[in-house]
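As written, the chain order gives the labels A, B, C, D, E and F, with residue 1 at the start of each chain.
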Amino acid sequence: MSFLGFGSQPQISTEQKISAAEAELDMITTMFNQLLDSCYRKCFDKSYNTEDLTQNESLCIDRCVSKYFDANVKVSESMQTVGRSGVLQQKK
Amino acid sequence: MDQLNYNEQQQFQKIVEQKQMADFMRLYTSLVDRCFNDCVNDFTSEKLTDRENSCLTKCAEKFLKHSERVGTRFQEQNQKLMSQMRQ
Amino acid sequence: MSFLGFGSQPQISTEQKISAAEAELDMITTMFNQLLDSCYRKCFDKSYNTEDLTQNESLCIDRCVSKYFDANVKVSESMQTVGRSGVLQQKK
Amino acid sequence: MDQLNYNEQQQFQKIVEQKQMADFMRLYTSLVDRCFNDCVNDFTSEKLTDRENSCLTKCAEKFLKHSERVGTRFQEQNQKLMSQMRQ
Amino acid sequence: MSFLGFGSQPQISTEQKISAAEAELDMITTMFNQLLDSCYRKCFDKSYNTEDLTQNESLCIDRCVSKYFDANVKVSESMQTVGRSGVLQQKK
Amino acid sequence: MDQLNYNEQQQFQKIVEQKQMADFMRLYTSLVDRCFNDCVNDFTSEKLTDRENSCLTKCAEKFLKHSERVGTRFQEQNQKLMSQMRQ
């Protein structure tokens, strides 16, 4: 449970560690809920002829989750690039 | 989470439990809203039609199955990502 | 104010009772806001020729709220069915 | 809420009051966003046109009336649901 | 940092002042995030041919932010009008 | 904020710092979701295509620049509004 490596700094107080872990948990929860919603929109039509997942839908879900994680890494890299380039320096 | 000692883990566990109730309720209310929006479009009466009732049931079951599958895959991918980050 | 019957378990601490009541209040608030948004989208066009509700819009709102509550019960039943069938057992 | 004793109700009342301010602000910001999205679509100038201004006013008033009507119906339905659950 | 003038009442406790300031901060954050999203949808197509803002897009953003603030004032006035007229009196 | 005394400002500053982490994470997760929705639409494979990768990078950079520009304008407008309110 250390999604983006938060909480790995040495010598911080108990309160700070708990607070960082909580923020991380909230972020994972948010990301899970967004992923749930996005992959639902990407993989399903809304006719609801059946309550079961079709084989195509199941396959689509698996790929969608996989791609979501890769997109996550990609966007994280872009943020670091932009951060280093100083474009966002003046903004707090 | 490996960085938390036993005492801290106990504290954090309490926070996790508090959030689980809220998470469950969020899942529930969002499910109602999603299925209502997808299934209910006739406002000539104040009672749900048979077609709407059937659609709501299928929508709810389908989304819960979707949610379960995504949950499994999410954990797999999360573990893969973590093991890559530790290398 | 006991929308889904939370808070009705015997012998729980004051802290737990308050916390359950708060969670319930949050859920009702969330549901109200979602309903507000959904029925607005279902019952209104966005031409805004007038600031008043037309008779048709008022009628649509009343039915929309009524149907939203019934959908709520229906979805709640489905969740219990799925829960009992054990499909979601392995998931935490 | 019948399960809370007097002391607990006092505590809960404080929580409710704290949330009311947040609820009001959420209503307000969501109203601005909703009406902006529905009414403002011309970005050839930085000033609102007369048409946009009129649309914003009607949108805000209409949504507040909608919100009031939904509130009344919501309470009625909620009470009906609760009395059914107690039977 | 007194967006709508909250926190300006005399003789309230420290706890209340902090709590009002926090609510105000949350509201500004929410409004900023909504504005970010709305102006993105109003000013961009989603082809992503370039990572830079075009001149048209930059101009559109500036006007969009300006109009968002004016819309904010307009809606605030409408709420006060409706509030005074008593339409929302019976609602708590 | 002028109404807070030194002690209160210290307390409030702590709250602001706690929220900054949450704000940053919200920006991050919403950016992932936005760019995923706009850029990824092919589910015949589980790997991102070159086109999708390129789109994700441009989407992220573009949104961050948008975000920065809006931030600057937001502060300007906010200050203008505040000075009007004080008159």
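We adopt the following convention: a residue touches a chain if its C-beta (ideal position, glycine included) is under 8 Å from a C-beta of that chain, and two chains touch if they have at least 3 such contacts.
The model shown is predicted, which means the values in this text are computed figures rather than measured ones.
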Selected from B-C, C-D or E-F, interface repeating A-F by over half of its contact pairs: B-C
Between subunit B and subunit A, distance of the C-alpha-averaged centres to the nearest whole Å: 14
Between subunit C and subunit E, centroid-to-centroid distance (C-alpha), Å: 27
Distance from the mean Cα position of subunit F to that of subunit D, given in whole angstrom: 25
Residues of subunit D engaged with two or more neighbouring chains: 26, 30, 39, 57, 61, 65, 67, 71
For subunit C, residues contacting two or more additional chains: 26, 35, 43, 62, 66
Ring order of chains, beginning at subunit E and proceeding to subunit F: E, F, A, B, C, D
In the complex, subunit A residues that touch subunit F: 19-20, 23, 26-27, 30-31, 34-35, 38, 41-43, 59-60, 62-64, 66-68, 70-72, 74-79, 81-82, 87-88, 90-91
Touching residues (chain side subunit B, partner subunit C) in the complex: 18, 21-22, 25-26, 28-33, 35-37, 39-41, 43-48, 52-53, 56-57, 60-61, 64-65, 68, 71-72
Touch list for subunit B against partner subunit A, complex: 1-4, 7-8, 11-12, 15-16, 19, 23, 26, 30, 38-39, 55, 57-59, 61-63, 65-67, 69-71, 73-74, 77-78, 80-82, 85
Sites on subunit C touched by subunit D in the complex: 1-3, 5, 7-8, 14, 17-18, 21-22, 25-26, 28-29, 32-33, 35-36, 39-40, 43-44, 46, 48-53, 57-58, 61-62, 65-66, 69, 73
